[in-house]
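Below, each structure is written out as structure tokens.
What follows is a pair of complexes built around chain A, which joins chain B in one and chain C in the other.
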Partner chain A sequence: MPRSARRRAVRKHVLIYAGLAPFLVLAVFPILWMAITAIKQEADLYRMDVVPFWFNLPPTLKNFALLFWRTSYADWIVNTMSVSFWVSVITILTAVPAGYALARLKLPGAENLGIGIFMTYLVPPIILFLPLARVVSELGLQDSWWSLVVVYPTFTIPFCTWLLMGFFKTVPFEIEEAAQVDGCGQLGALLRVVLPVSWPGLVTAVIFSFTLSMQDFLYSLAFISVSDQKPVPLGVATELIRGDVYFWGSLMAGALLVGVPVAIVYNLFLDKFISGITGAAIK
Partner chain B sequence: MGEVSAGGKGERPAALAIGVPTARVAPRWWRSIAVRRFVFGYSLLTPAVLYVGLLVGVPFLFSLYLALSDASVGAPVARFVGIDNLLAAVESSTFRVALRNSLVFTLGAGIAKSILGTTLAFLLMQRFRGRKVVRALLVMPFTIPIAVSALGWKWMLDSQFSVINWALGRLHLIGAYGTDGWPVWLGQPALALASVMFVNVWRSFPFGAIVLMAGLTSVPPEVIDAAKVDGANFLQRLRQVIVPMIAPILLVGGLFDTVFTLSDISIVYLLTNGGPNGATEILPTLAYRVGIQAGALGRGAAISLFLFPLLLPAMVLLLRNLRRREW
Partner chain C sequence: MARVTRREFMRFSGTVVAGASLATMLDARQAPAQIRGTTLRMLKWSHFVPAYDQWFDKFAQEWGEKNGVRVLVDHIPHLELPARYAAEFAAGAGHDLIYFVGQILTGHYYRNLVDMTDVAGRLAKKYGGWMPSATSAAQVGGTWYGIPDFFIAIPILWRKDLFDQHGLAAPDTWEKFRTAARTLKPTGHPTGIQFSHCNDANHNWRAVLYCFGAREADPSGREVLLDSKETREALRFAKALYEEGMTPEVFSWDDAADNRYLASGVACCIHDAISAYRTTEDTNPEVFRNTFVLPEAAGPGGERRNVGEPNVWAIWKFSKNVAAAKEFVEYVGDHQKEAMTASRGYNLPFLQGQYQKPMPVIGTDPKLHTLQDIGKITSFFGYPGPMSPPAQEVLTSFIIPDMFTRVARGQDIEATVGWGMGEIRRIYAKHQAG
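Entry: the complex of A and B
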């Protein structure tokens, strides 16, 4: 590379990195700070005289120990996982057939129905949580994590139906026709031919059932007040604060232990999320 | 995609008629392929439509009914009280403050997000080394569950051990702890509202940037080249070519974020719980306080329904946008 060109490339990089640096600090520092707090000793947290950004006392895992031995954290993790699992099952069983029917079967009114289902994704929980509180208590599910299994599909089904609809449109029609010519019925063609080639779409739908379930706070706050039934975000936010006393180290530890894996998985599928929301806007 | 489906429509019945022996049996109308396809299709749709209808549609209508009744947690039998709840809400100063805060919050945060998101999107559009890593780090605020990061911010904005105050103090930008010059982020009315808005901005600006990038990359370079050839300068290209082309995607992204911002409870609930003295009360926290904590379902539903007229324009715009698209 000629010298002037290389110098120009270097200068361009310096400028871009300099522009990005404030954004990076803004985005990453809070999470880094949470991580540092999670493994600091209690005495190290409450000092104003020393530089707080690093460890003045050796790092510790005590905050994690407190989570597991002195709170129901293990229960919360099991609850979160169970809720997400059942929500995914319900979502797949309903959204896959719906997405397929809307995308492939040229039903009259399919377009409006598809838009209608997606619009329900935009009805925010804050409008629905009071009537749903009634539904939950009628079902006798108050203070049980099963209430969340019932409620979370109200946002995972619309989103995943929309997502899968876009996905099924990309599967070529010919393979289905070939299957039907070979004697498969319509259902047989769906189950034996279309679904096996659609597994990336199904995996994406499962991932979003998990990550969207983890983003909720309001429903769990409104429906569950018993400690051992709470999902992680609610448990951490409500049980590690006793009156005016905040267990900051354990709070951060408990929040990050679940938050970071969710963030990483979500990150990997973020582009699918964006194109799911913006729909066919990217043609 | 449109072409494929158009082709498939014409060919499929023919292929079936030849290939499947049963089709040769004298067809009755309910046996015809189109009808069977409709029955099959609508039965596939039924579970999803039922679920969403029963747990979104019906509750939505039920919340309209709740808002017009004096339902409460203790008394299961509710009387119809007309628009009393709505009137009571409008007349209470708590509600008016919450409504004002909701509007200030959504508009202010929206403006800040647009500026930060646009700047970031243009930076990320450049080609440079480590772009993927940088992008993955930058979207962390959006992908980490909001309740988790709100707790982190609560610690960062602690009244005494705030790391932000520590840094500002060392730079001599604020006074000493205990004096008036020491900002108590979540304890002073104006600062508290600014803080919860800031956390919302922090959470959403990466989303704005990514949506904008998705829009920008969807503009074919040939179109921009053609505009260049026609002698359009950068601003003209931006205004007359790029913005109109990415407008739909920006609209959807913007509306999506507006709905989230207007209706999210977790940031305010966890950081200030509406305080100090109602300074950060927004409609969602007020609806929760009245509807669940005080048990006045009717009053709470009335308050949360006030969000609907605010959300409605967003949803109508979105609906029109989605319907205009070719499928």
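Entry: the complex of A and C
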């Protein structure tokens, strides 16, 4: 490569990274702060005469010890993962046929029905939790994480149906017709042809339902008060905040332990996630 | 010396033995047999002293074992309790025994709460009656729909070393508090009181209002009295206190911020529960050594009025175990001394007979012993009216902290009072119409 072209390429990369750097700092700083706080001594957190971005007293694992030995954190993680898993399964089993039917079967009013389904996603939980409390109580699921498996699909299914509807519209009709010519029925074409090519959309739907389930606070607060049944967001917020005393180190440790693995898994599927989102957005 | 016959001796000793046995039985008060084999579920807040919750859970278990009741205790932060209660109310199912703190919802839910007048009466008889302000937290129309458990005092915490260095007097009046803040702010030690939407802002600015002689509502709780000269004086004072002795960070403070301010060694004085004192004790021994406590600062007319945080037990009507819940609440009332010890002096009783000095923890701590009399100057929101549903809504709408914030940020006092009164009257009218 000639010298001038190399210099241009270097300059271009420097400019790109310089432009990205502020965004990178903004994105990474909270995680860094969380990590530092998680292993800081409490007395170190209260010192305002020193630089707060690093350690002024030796780091400690006490905050993690408090989390694991004095709270039900291990249970909270298992509950969170179990709830998210079951909600994702229910969501996919429901949203795939719903999204497919609305996108491909040329049902009368399908477009409006799709909009209607999406609108239900916009109903805020603060309005829904009161009637849902009655449902949960009637089912005998109060104070059990299974109540969340019943409740969370009320917001994951509408969103994922909408998402998959958009995605299925991008799959060419021709390949489905070709499958039918080869002897597949409607269901066979869906399972053997449409779903395999819609893989990024399915991954996106799973990621969304998984993370939406992990983020909720209000429903879990309203339906669960027993410590070993709580999911992580409820557990850390309800057991590590006492009156006006916050156990900052353990709060940060609790968030870090759940947040970082999820971010890594997210990253592994990043390409699929982006193509899933953009694929659904084309139509 | 008069002779005692054998018959008289037998009669006398028999009476003594029977009396002693009865006293022992009453003291050990056995719960009714009908509660044996039942389950009692209760929901409390997460107390700021973790050891208190551990003590309480053990205490409840032991009571359960003694009475053959399976006891389940759940804890969540006080700010999250109302949402949970709304869900339980909607479902018509949930905990047997519930707990109000921060937001006292007795007036809101009383139609769905069990009448606990019998328990209140027995406790009052045993412990010399309730503090007058207790009724405000737990009664509606003369009926006890809740039983006050304890209240949290919000005193003044001040740094004696800093005050001494500058020849400042202890902040036992708001004027001295302001002078200290004005003097110490330039040395890097301002004061701080929340101008924001948090519990502490509601307590602290109400304390200033009441100490300046302002009143929130009349004793019946029907008429709003805030449109007064005293309210304007309090607002004027707060603006000066902010400008002379605080930094703008107070506009973004939460309940924990003043704890951090004191524990970090920055604050010269704050107005907060002794959780800040305990946090400092645990994290900064040097600052703690120099931190002293005063029950309340006096206003210009000499009035001292502390605005406490009440904690109240209540029982849902849909509870499956009303009998056990009542028994347990009474048992808690009988053990307030242990509760005070377990809470490191944080819990203060509502029963007058439980103020015998020295009180546990605060009676033996030379810096806290003045809190033994704080019950005499403690009031709650809505003062001198009751903690009625409209007073509760005014509290949760943060209208009073907002009035102080508006003035501190430079808005005209008259316009602010006009705005505040408009909001408050609207709330009262809504409740009176409903």
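Criterion: the second predicted complex is superposed on the first by the 220 of 283 C-alpha atoms of A that agree within 3 Å, B and C clash if a C-alpha of one lies under 4 Å from a C-alpha of the other, contacts with A are read in each partner's own complex, and residues count from 1 in each chain.
Everything that follows uses one rule, which is that contacts are C-beta pairs under 8 Å (C-beta built on N, C-alpha and C of every residue); 3 or more make two chains touch, one makes a residue touch a chain.
Everything numeric in this text was worked out from a predicted model, so none of it was measured.
In the superposed pair of complexes, A:142 makes contact with chain C only, with no contact to chain B. Applying the stated contact rule after C-alpha superposition, one finds that A:131 touches each of chain B and chain C.
Looking at the shared chain after the overlay, A:218 reaches both chain B and chain C. By the touch criterion defined above, A:228 reaches neither chain B nor chain C. In the superposition on chain A, contact of A:242 is made with chain C only, not with chain B. In the superposed model, A:75 lies in contact with neither chain B nor chain C. By the touch criterion defined above, A:48 lies against chain B and chain C together after alignment on the C-alpha atoms of chain A. Where the contact sets of chain A with chain B and with chain C meet, they give residues 45-46, 48, 129-131, 133-134, 218, 221-222, 237, 246.
Of all the residues in chain A, the ones that touch chain C in their complex are 42-43, 45-49, 70, 129-131, 133-134, 136-137, 142-143, 218, 221-223, 225-227, 237-239, 241-246.
Residue ranges on chain B touching chain A, taken from their complex, read 1, 4-5, 7-9, 11-12, 15-16, 19-20, 36-38, 40-42, 44-45, 47-49, 51-52, 55-60, 62-63, 66, 116, 119-120, 123-124, 126, 128-129, 134, 136-153, 155-156, 160-161, 163, 166, 177, 202, 206, 210-211, 214-215, 217-218, 248-249, 252-253, 255-256, 259-260, 262-266, 269-270, 283-284, 287-288, 291-292, 297, 300-301, 304-305, 307-308, 311, 314-315, 318-319, 322-323, 325-327. Those residues of chain C whose C-beta lies close enough to touch chain A in the complex are 43, 45-50, 53, 72, 74-78, 80, 83-84, 86-88, 90-95, 199-200, 254-256, 258-260, 263-266, 272-273, 275-276, 279, 282-284. Contact residues of chain A toward chain B in the complex are 12-13, 16-17, 19-20, 23-24, 26-28, 30-31, 33-34, 37, 45-46, 48, 52-53, 90, 93-95, 97-98, 100-102, 105-108, 110-111, 113, 115, 117-120, 122-135, 150-151, 153-154, 157-158, 161, 169-170, 172-173, 177, 180-183, 186-187, 211, 214-215, 217-218, 221-222, 233-234, 236-237, 246, 248, 251-252, 255-256, 258-260, 262-264, 266-267, 270-271, 274-275, 277-283.
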